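In what follows, subunit A forms one complex with subunit B and a second complex with subunit C.
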Partner chain A sequence: MLSRKLRCLALVAGITAGFSISVSAQSTNIRIGGLATLDGPFVALGQEAFRAMEMAFEEANYTAGGRKIDWIKESSDGRPDVALTKARKLIEQDKVDILIGPMSGGEGLAIKEYAKTAPTKTFVNGFSAAQETTLVSPAANFFRFGADGAQWQAGLGNYVYDTKGYRNVAVVAGDYSFGYTQVLGFMSEFCAKGGKVIEKIWVPNGTKDFSSAIARIPNKADAVYIMMGGADSINFLTQYDQSGAKQPLILGSNVSDQTVLSAKGPFQRRLVGLPSAHMVADGIEDAVYKDYVAKYKKRFPDGLSSPSAPFYGYYVATKAVLAGLNQVAGDLSGDQAKFRAALSKLRLDMPAGQVSLDENRQAIANIYVTEVARAPDGSLYNKVVKVIPNVNQTLGQPREAFVARGVPSRDNPSCP
Partner chain B sequence: MTISPWVGRALLASALLVYPHLATDFWIVSVGAYAMVLGIIALSLTFLTAYGGMISMAQMATAGAAGYALAIFSAHSASAGMALLPWPWAVAAAIAVGTLTGILIGIVAVRSQGIYMLMSTLAIAMIMFYLAQQNTTILHGFDGFSGVAVPRVGGVSLREPLPFYFLCLTSAALLYALVIYLVRVPFGLVIQGIRDDPLRMASLGYRVWLHQVMAFAVAGFIAAVGGVLSLWYHGGISPGSIGITATVNVLIVAVIGGLGHPRGAFIGALVFVLLQNFAVDLVGSNRYNTLIGFVFLVIVMASPDGLTGLWRRLRGMRKGSLDGGVVTQKL
Partner chain C sequence: MKLLLLASLNGITLAALYFIVASGFTLIFGMMRVVNLAHGSLYLIGAYLGHDVAALSGSFPLALAGGALGAALVGMAIHYFLLDRYQGDDLRQALVTIGLSIIAADLLLARYGGLSYQFELPEMFYGSMPMPIVGGYPIFRIVLIGLAIAVYLALWLLVQRTRFGIMIRAGVDDRHMLGAIGVNVPLISTLVFGLGAALVGFAGVVGSSALSIAPGEDARYLLSSLVVVIVGGMGSLPGAAIGALLIGLAEQIGLAYFPTYSIILSFVIMVAVLAWRPYGLLGRPA
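And now, the complex of A and B:
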């Protein structure tokens, strides 16, 4: 009995010691952690994220600032607590110097709070786009080189007011922080112009039956703004088409995603001509962008027909980290202070335009207003109708006034 | 020559006390403390199953009710740093809410048995999940609570690695002792009697349903403590924390540890946490869920009563008795 227990204890102690040794025997390589979703509802996005990191690292030959890079991957399932557990593991156990991720809004908020407790490490956001992450009590070591969900909608409100002539719009959107953020981005321009959002219908994530939401859309709405996650938006579009509703749609950033556009169904014929906006668009007519698409297609023959928005987000984040490391010649001493200073001042020329950071380490970047169009081969894509250059987080408004309006929520903003 | 089991226990206790002084923060908190938090929640299920013969799928939801209550009363990122109650009161209120939730679930659940009880408690858990997801005014809908403040005692945050580890260790040890104590006093004996033959207990004059509801209350209390610690560990709570995956995880922990004895909950939790953390390193990020599933399958196939059962069985084999380790488990 005693000897067995002793043996058991010795085993546990041995395992623990083994792990501590393997950690303390670190090489001089720079360790970069990647956190994305290979589980849960965002699996396809997570695969794109890791492809993006792989492509960026390969372009740099897995070196930056003269040092080799070790890349450690971890997977979340889109839930904040899981993302947090995995981030902790990357930082505390795998001893990464820099963490790139996460994927979704709630995860981003959790990682930002965690970043505050690990001030000697650097966190670079992957694709999460909740506004509060960098707008309200930002973490000094959390950087976001992608625009947030409100920025993604820059130009869309003006476009539908001026060009499409919509005055009264109803909103059907996902009932969570990212949904509120996108609606705020759309409404801040549209309401400033004098447009009215006469009804907001919030639908829980994962809704399958949208009939009651569709029935609540007022007749006097000129158009309906919709914003839901991947599978939800396909369900909505199908049921909206079947309901015989006539009002045209305005698409939130996720709804005009290639994962929705390439889904088959009778709703497809209603999509052509619908406006949307995002930080990247598959219809960008630019040599640099086309080169980027060609590289993606060559590297990942089994990937999507063109690189997705999450791919772009993680690609820019990884490129930013590499550029920062090159500037400081791989010097992460002094709790990475030099590296962080370099990151803050970066001006990156990326496939979809230049990216720089504001004082909260949040990206200032181009936004593309698009319309869904049909390519010669019959597939749908987002044709760029307008580029809004250098959109900042406060959408061009003074920071104090913008922050004072409060975080986006069901009732903020409001212009009925 | 036999050595008193107390020697083994003393060794285990001293190992648990020495461990955090040798290990890194990750091993102290993300493995050690978290395994105990998960173990406490699984303990509430193991208690119901081992001694009451009842399977409840609502233990994670019960822990979540306590977690949500504590989040509401504490300072969090949406409350501008203001707490509704001082933390000792908030914790007491949260545990009261969890216990009450356990009682209410029990009142509904004890009307059925076996697989039907499992289904009805699963339904309750899902109702609570959807309530949390769709109530935006109090429970903050899909986003839940984040940035929940963890209390400071004497200038030290309870969330610091060492204080948090010992907080979890103390809670786990006390709750384990509570379960061991309860099953030896008349209340626990009645519960076990009901497990074995409810009709006979009823004819002896015991109120079967009342005792079963009281067992749910005890389980609710245990889960509530787990919920409080879990909230502090994660720094927040959202509907995903009480969703179907989290609910099933508690059952998995309890089953791989073994539903026959309360210690199984903690052994199962430790194995589960280690797998969750290191499966990715073993097989790469694309297939780690397959490995986790495979290990669970092997454990359950090799030993239907979990790792504790396996232990007993091996011991039994060595002594030459074939049925040395088999526990009769009535569900």
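And now, the complex of A and C:
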């Protein structure tokens, strides 16, 4: 009887003690929210994003600036309204201090607008790369340590004009802000050289059967530039192959990503030798980069054959947050002003080169022009053919002139 | 002219795929009035199991059989253990199957990951065949039409011309009377549910050969089946065929001529049909 009472008391005491520990721990831990896509067409990218955050946090032992980190994950399905709901949940219910995400172009625009209504928190972009997010009316507490979709295409237009000799190109691309951004990045060089984009076919996001879009590609095009999101491009490549079309392809950044190259299917044989460009390339011949790949393979044996671009995007974002927190010794007081000042001035040495921010808190970074190649073990990778160093958001043009040309859209730019 | 012809061909072949998926749905939902919102999950399960079989055996016909059989077993288990006891209680069945589809999606994501899968088709089905006017057309998409017609004929014969078909139709009209004359009604319904699930598992393998399979396809095919069955009329096999043709053609012709708005076209058709014939094109009041 007595022992039972004692045990009961001990239990209550234990629970209370545990409770008080967890409460005090909550007040000193830094809470970081991760927003990526584990639903919808970008699931493979979302898995990579959470792997990236996990690896970055583990490297730091879940500590930054002397404080422990609590990591709270949320999933969107790639649609702006869903991303917004999940971001609000993270900020308002889970009370995170810093939010890392989102994944996709349209989502980024929504989160940037939301950031303006939560000025005491800090938002660090994950992988979304629509140009407007940071170019037009940026939010003071929204940081993007990755290049945008137009930057990703730096060097590609010149490369296919000069080296491949293409003059007339048709475009088949996703009908959303990231698609417009990539096409603008490609066209700004290609059209300046004198190349013509003779037809632009915009396909709704989530299209699975592209055969009628393929039927519209004009015969006189020397090559076809394609850019679809996530899993959609695999369908396009298969249907393009089966349709018997012969024109060579130019790949938008998402199409040459490991989330596509690692997928299994007969479309793979079509890919070798196709040009693309991105902020990272798995063929980078550099000791730091190879070390990063080795770490990824060791940590995620069931992952891809090498880390994807979304992995890199979220990895750089998480590393930036950790570096910023270390610089201010975990001090998020004063509505995080010190932390944000530190973020703005960061110069990060990342596996694919140095990253710094411009006055709109948008990354300036290296871009890699690549061609798909087959590794000795049979897997596909992006072989680097050219590095374009320190590409900024206005692609080296004066800011006023660049902004005056307007945000990318279905009809902007145009050079038929 | 060439574009219109190509877009129509694409529409018809896409309709063939939609029909095979929706035929299982019209059997389960239209005829038996079992609300199964996990239909898309059965599509995914069939496709992934078929992929496993193909990886082990290297045979495409075996993959088709494996996908159909696997989905049928899962479907029968769902019906036997979860849905049969709520026969006639639509809301409960809807909630149970929505819950199931969420669980299935996460389990499949954990097992197969987020990457897309495709089947290696037998060499004779891959590539394109010569054709007048359009030049060439993918062989497998022509095969799709043949498969859809075969499924249609087989189902029609089964439902209209066999003893089993008579029992299905009798069970739809009066379940209790059928039981009173000595027929094991729960067994019949579980078998029909299994047949519907087998069809959608089969469609999963066919669909992921023509297109590809990845997480999220479940919701897509559930939606397309719902639209096809609603437009065509609940429980009507010819209705499902007509509905599939309308939706497939609308999607592809829309994609060819006004891609920006192609996505809403199928819903415009649905609204128009519902306004004009509330039970669908070939449906009749329950």
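The rule we apply is simple: the second predicted complex is superposed on the first by the 385 of 416 C-alpha atoms of A that agree within 3 Å, B and C clash if a C-alpha of one lies under 4 Å from a C-alpha of the other, contacts with A are read in each partner's own complex, and residues count from 1 in each chain.
Going forward, a residue touches a chain if its C-beta (ideal position, glycine included) is under 8 Å from a C-beta of that chain, and two chains touch if they have at least 3 such contacts.
What you see is a predicted model; the values in this text were computed from it and never measured.
Asker: According to the stated criteria, A:Q327 is in contact with first (subunit B), second (subunit C), both, or neither; which is it?
Answerer: In the superposed model, A:Q327 contacts neither subunit B nor subunit C.
Asker: With the two structures laid over each other on chain A, which partner does A:S76 touch: subunit B (first), subunit C (second), both, or neither?
Answerer: neither
Asker: Report for A:Q182: first if it touches subunit B alone, second if subunit C alone, otherwise both or neither.
Answerer: neither
Asker: Between subunit B (first) and subunit C (second), which does A:V43 come into contact with in this model arrangement: first, second, both, or neither?
Answerer: second
Asker: In the superposed arrangement, which partner chain does A:T370 touch: subunit B (first), subunit C (second), both, or neither?
Answerer: The answer is neither, since A:T370 touches no partner chain.
Asker: Could you say whether A:A231 touches subunit B, subunit C, both of them, or neither, answering first, second, both or neither?
Answerer: Touch status of A:A231: second partner only.
Asker: In the overlaid three-chain picture, which partner chain does A:Q153 touch, first (subunit B) or second (subunit C), both, or neither?
Answerer: neither
Asker: Classify the contacts of A:T207 with the two partner chains as first (subunit B alone), second (subunit C alone), both, or neither.
Answerer: So A:T207 only meets subunit C here.
Asker: For A:G244, using the defined touch cut-off, is the partner it touches subunit B, subunit C, both, or neither? Pick first, second, both or neither.
Answerer: A:G244 contacts subunit C only, not subunit B.
Asker: Quick check on my understanding: which residues of subunit A belong to both its subunit B contact set and its subunit C contact set?
Answerer: Shared contact residues on subunit A (touching subunit B in one complex, subunit C in the other): 38-39, 77, 175, 202, 204, 410.
Asker: For the complex, give me every residue of subunit B touching subunit A.
Answerer: 2-3, 5, 7-8, 11-12, 15, 19, 22-27, 29-30, 34, 77, 133-134, 136, 141-144, 146-147, 234-238, 240-241, 243, 245, 276-277, 280, 284-286, 288-289
Asker: Any idea which subunit A residues touch subunit B in the complex?
Answerer: Touching subunit B: residues 1-2, 5-6, 9, 12-13, 16-17, 19-20, 23, 38-39, 50, 73-75, 77-82, 84-85, 88-89, 92-93, 106, 109-110, 113-114, 132, 137, 174-177, 202, 204-205, 410 of subunit A.
Asker: Once bound in the complex, which stretches of subunit C touch subunit A?
Answerer: 2-3, 6-7, 10-11, 14, 105, 109, 113-121, 126-128, 135-141, 211-212, 214-216, 220, 251-253, 255-256, 259-260, 262-263
Asker: In their complex, what parts of subunit A are in touch with subunit C?
Answerer: It is residues 38-41, 43-47, 77, 175, 201-204, 206-213, 215-216, 230-231, 234-235, 238-239, 242-244, 259, 262-267, 302, 304, 410 of subunit A that touch subunit C.
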